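Both complexes shown next keep chain A, but they swap its partner, so chain B is in the first and chain C is in the second.
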Partner chain A sequence: MFTQWLVKPGAPQYLWVLAVLGDFLILGGALFFLLRMVPSRFRKTLVAIVTFGAGLIYSVEFFVPVPAGKDGNFLTNFAQKTVTDVVLVLSTFALGLGIYSLLRFHGRNLTRMRPGWHNSLALYVAFFAMLLTGFWSMMSKAPAAANTFDVLFRGTVAAPGATMFSIIAFYIVSAAYRAFRIRSAEATLMLAAAFVVMLGSVPIGEYLTSGLPVTGFWSNFRMENVNLWILKEPNMAAWRGISFGVEIGALAMALRTWLSLERGSFFEREL
Partner chain B sequence: MERQNQSRGDRILQAFESLQHIDRRVMYALLAIVVAFPLIRNFRQPLVVTWPVQGAYDTIEKMPADKLAIIDILWDSGTIAESRPQTEALIRHLMIRNKKFAIVAFMPQGNKLAYDSAKAIGKELGKVYGKDWIDWGYRPGGAMIQFMMGLGRDIPGTVKSDIEGKPVTSYPIMQGVKSIKNGDVGLIAEVTPSGTLDYWIAFVYGPYRTPIIYCPTAVMAPEGYNPLDAGQIKGMLTGMKGAAEYESLLGRKDFATRATSSLSTSHLLIIVLIIIGNIGYISSRRRRREG
Partner chain C sequence: MEHANIPIAVLEAVLVFLILYKIFSARRGRQLYIRRIPGLNAIDEAIGRATEMGRPIMFSPGIRPLDLPTLQALSILRHVTKIAAKYGTRVIVPTCDSVVYTIAEEISKDAYNSEGRPEQFNPDDIRYLSDDQFAYASGCVGILTREKVASSLMFGAFFAEALILAETGHNVGAMQVAGTPSTTQIPFFITSCDYTIIGDEFYAASAYLSREPTLLGSLVGQDYAKAVLIIVVLLGIVIASIPWLNHHYPSLLTLFSKT
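Take a look at the complex of A and B:
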């Protein structure tokens, strides 16, 4: 809002940042204040009305027919542009709220020197280092700015992310070793299928049957083809069954959320 | 004598039984070795191009040069080993064939990682940003569906600005690009470790029949076979091996080709460990039965 009024296209980036922050603080503060004014017994009703209205937009937009020669019905433009912008703004608010909550929690850890306070300190240092170098690289054309951000991004964000995920491989090896036991006929069948898929998914498996012809009847027994057959036939049948179940469950869940019928920790709490 | 033989057999069974209790630290060490060794020694292994990968390759080959391809980035550093080689293989292919493409990321990290990859390959192949390729930047995942629907009707109005914050309409690559409905998009390639393919199928393939290529991580590949069978996606690159197959189609031996050797050795290790564990299990069952 303020961004549109105060900052003209082509303005320096810091003005955009300030305007967006202004938007966030002023509009967010006003909205928060108004919501706090609502008596607590009506808050759930308000949330239920907003949830129902939001869900209704897409349902109506989907089901109302499109007039001949037009791109969409009377709601299409609103649903695809205005609602998209609202979703983006809400996501940004959620981001701000998340940052505030995280820094507040770890700030308390730090000021009270609770056990593990050094982890909170690491979070603060990492957070502000990335934030400041990010803004610096965005606003400055100096190579040092982009390089500093790149080094931090690759070294402290991307590399640990990849490392954390790759650790799963160690657990998979250990879990596969313990779990795959031929206790029954079904378990043996699963083990055999797992062996074929594991071998068929890597070049060494393909190498084992590379002596078989590439075309004709015997090509069906090449490891990569047996692997693809397992994935394309039995796997697909099982996946379809699972998908039907999941989608029906998702539909029920969506209806419960849309109509605010869901029960649980959030829904039964005093707002 | 019979008693002696029995106790010897018992001792052998007992020794085998211990095979089902290998210390996990030994397994971790073995895995680290078998993953690192092929990367250091650079083993060569034969690679067969499977039909889903060939399908993806052919789709790019057939895409008209006046249309725009969209590469959807839904990965971050967690799956960089699989997703980046896939992304780079697709980008390289599009650039080699002089086909225009746009990158859009629904993950903040993937946004920068894919941009850096495209920039490096573009520099190598002499491609110009804004003319041969463009990066539409990051879009929050929460608005993914609205974004896809918006692309269907109005691309410049939905995308608005690129990764550098400039209006997309100011770039030559976007001149004449109106919407998917208008037939301006010739391909959508989704590189992802998550199950978001259904959205592209429902909101883009369904109404406009735009060809889709799916590039999941290996664990997510099983869900791609249904749409592949139905013709809703034209090809699939399964994890790192899919990327390696694609590299071989491009006549290159990049990271995925080298790293598939590590995949081979690690899969073999798992199979050997499972067999050893089962020898231990059978021995213990037999010993219990005899005892």
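Take a look at the complex of A and C:
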């Protein structure tokens, strides 16, 4: 908003970054100051009004019919774009606090030389390396800038992420071993169902019952069809039952939050 | 974006009415009964275990930004922190979102204050780890192993990292209680945790723990709403299964269609 007044189109990128940061500080500071000015007895009401107004946008947007041939109603664009942008700006304010927390915690580890301080040092080095190369690649058109950022991202962010994801395969084995131990009638039933589903999903399972006809009554007993039946009928029924409960619970919680009926659940003291 | 058709709008209005009616009747002082949920009772047991062992508790509020499951997780965090503060037990809260981090810090501070132990609050125990799913998971694994946590509580929305957290907790010998509305992660938690709160029990947690009339009323309203949904499902089955009805009253089936 103010950024476009302060910086002319075509200005260097660092000026835009500085202007946006300035915007954040000025607007955020003004908003914070105004909120502090509101007497504490009205603050609760103010928060309730803002919450209700924000929720109302989405409720009305959902219930107002969409004109024929259009993708949304008169509120869709506002709810999707403007409100989402506001939420993004608010989240960005909090991101700074999150980073501050991270650096404060690891800074203390470093200065007090707590056990594992070298991990905190690694965090600092990685943090500033990514930050500086990120800005460098954003502001410079030199291939070295983009390449350095790319190498760092692929080598130090993407690769460990993929490694963590792949570890899940091993954890699934150990979890499955415990789950499939026969301890009760339910566990036995689950073991049998899992055995059929696993067998029905691999070629050897299909091969075992390939002698049965493809159509007619006996085709129901082909392993791939039994597998499909377990997944689509009893499994889906249970899944939908759980989902109904979850969605009703979410609706109730959304109502309580929207109408500010839930305040006591989070804080004891007054705002 | 999805929009409501007329049958959905009517159904939604009925569900909202039932929930609000029960909330306001509970606020007027009507006594309501809710059944025992063992998983929620186990939270106190988990805090007690950590206190006896003199080790901390890890509370993970999931990896989603501030949405309904995370809000529910934060209300459970308040309950956990209040009891832990009473016994002088540390609660470490690793977060995956900066907004959730700021709210979790305020909730913890408030819980210690309300128990008259403000000096016990340690800001370093509420940690923002990373927005990245697996970076967060590895951070939690580090906390579970380095801090030797006695109890691990996982409430909120989880995805693929659920099993990493739960299996590591199991390996370090922590007592684990999990609650999630993420249906795909429920099997992993059931396998690896001592107690798992599934489905709508997750949203019943704050009512069960606080016994606050508004929340109890909402819980009973949810049960009525579920009864309405069951009736709608049964009606749909009957209408779809009787050919005569479909033939003579085809508009009946359109009540249950998406458009």
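Please note the rule applied: the second predicted complex is superposed on the first by the 187 of 271 C-alpha atoms of A that agree within 3 Å, B and C clash if a C-alpha of one lies under 4 Å from a C-alpha of the other, contacts with A are read in each partner's own complex, and residues count from 1 in each chain.
Following the convention adopted for this analysis, a residue touches a chain if its C-beta (ideal position, glycine included) is under 8 Å from a C-beta of that chain, and two chains touch if they have at least 3 such contacts.
A quick note: this is a predicted structure, and the numbers were derived from the prediction, not measured.
Engineer: Tell me which partner A:25 touches in the superposition: chain B (first), chain C (second), both or neither.
Structural biologist: neither
Engineer: Answer with first, second, both or neither: which of chain B and chain C does A:13 touch in the superposed model?
Structural biologist: first
Engineer: Report for A:139: first if it touches chain B alone, second if chain C alone, otherwise both or neither.
Structural biologist: neither
Engineer: Output check: A:248 vs chain B and chain C. Expected answer is one of first, second, both, neither. What do you get?
Structural biologist: In the superposed model, A:248 contacts chain C only, not chain B.
Engineer: Have a look at where A:98 lands relative to chain B and chain C in the superposition and call it first, second, both or neither.
Structural biologist: Touch status of A:98: second partner only.
Engineer: So, A:161: does it touch chain B (first), chain C (second), both, or neither?
Structural biologist: Touch status of A:161: both partners.
Engineer: After the superposition on A, what does A:108 contact: first (chain B), second (chain C), both or neither?
Structural biologist: Only chain C; A:108 stays clear of chain B.
Engineer: Once the structures are superposed on A, label A:83 by its partner contacts, choosing first (chain B), second (chain C), both or neither.
Structural biologist: first
Engineer: Looking at A:72 after the superposition, I want to know if it touches chain B, chain C, both of them or none. Which is it: first, second, both, neither?
Structural biologist: both
Engineer: So which positions on chain A get touched by both chain B and chain C?
Structural biologist: 72, 76, 79-80, 90-91, 157, 160-161, 164-165, 172, 174, 176, 178, 239, 243
Engineer: Along chain B, where are the residues that touch chain A in the complex?
Structural biologist: Listed in rising order, the residues are 22, 24, 27-28, 31, 35, 45-48, 50-52, 76-81, 109, 112-113, 140, 142-143, 146-147, 149-150, 153, 157-158, 165, 167, 181, 218, 221-223, 225-226, 228-229, 238-239, 241, 244, 260-261, 263-271, 273-274, 276-278, 281-282.
Engineer: Over in the complex, which chain C residues touch chain A? Could you list them?
Structural biologist: Against chain A, the touching part of chain C is residues 1-4, 9, 12, 15-16, 19-20, 23, 65, 68-69, 71-72, 74-75, 78, 95, 97-99, 101-103, 105-107, 110-111, 113-114, 123-124, 126-129, 132-135, 137-138, 142, 146, 160-161, 163-164, 166-167, 181, 183, 186-188, 190-192, 198-204, 206, 210, 212, 214-215, 218-219, 221-222, 225-226, 229.
Engineer: Sort out for me which residues of chain A touch chain B in the complex.
Structural biologist: 9, 13, 71-72, 76, 79-81, 83-84, 87-88, 90-92, 153, 157-162, 164-166, 169-170, 172-174, 176-178, 180-183, 191, 195, 198-199, 201-207, 210, 222, 224, 228, 231-232, 235-236, 239-240, 243
Engineer: Show which residues of chain A lie in contact with chain C when the two form their complex.
Structural biologist: Contact set of chain A toward chain C: 61-66, 72-73, 76, 79-80, 90-91, 94-99, 101-102, 104-105, 108, 116, 119, 157, 160-161, 164-165, 167-168, 171-172, 174-176, 178-179, 239, 241-246, 248-257, 261-262, 264-269.
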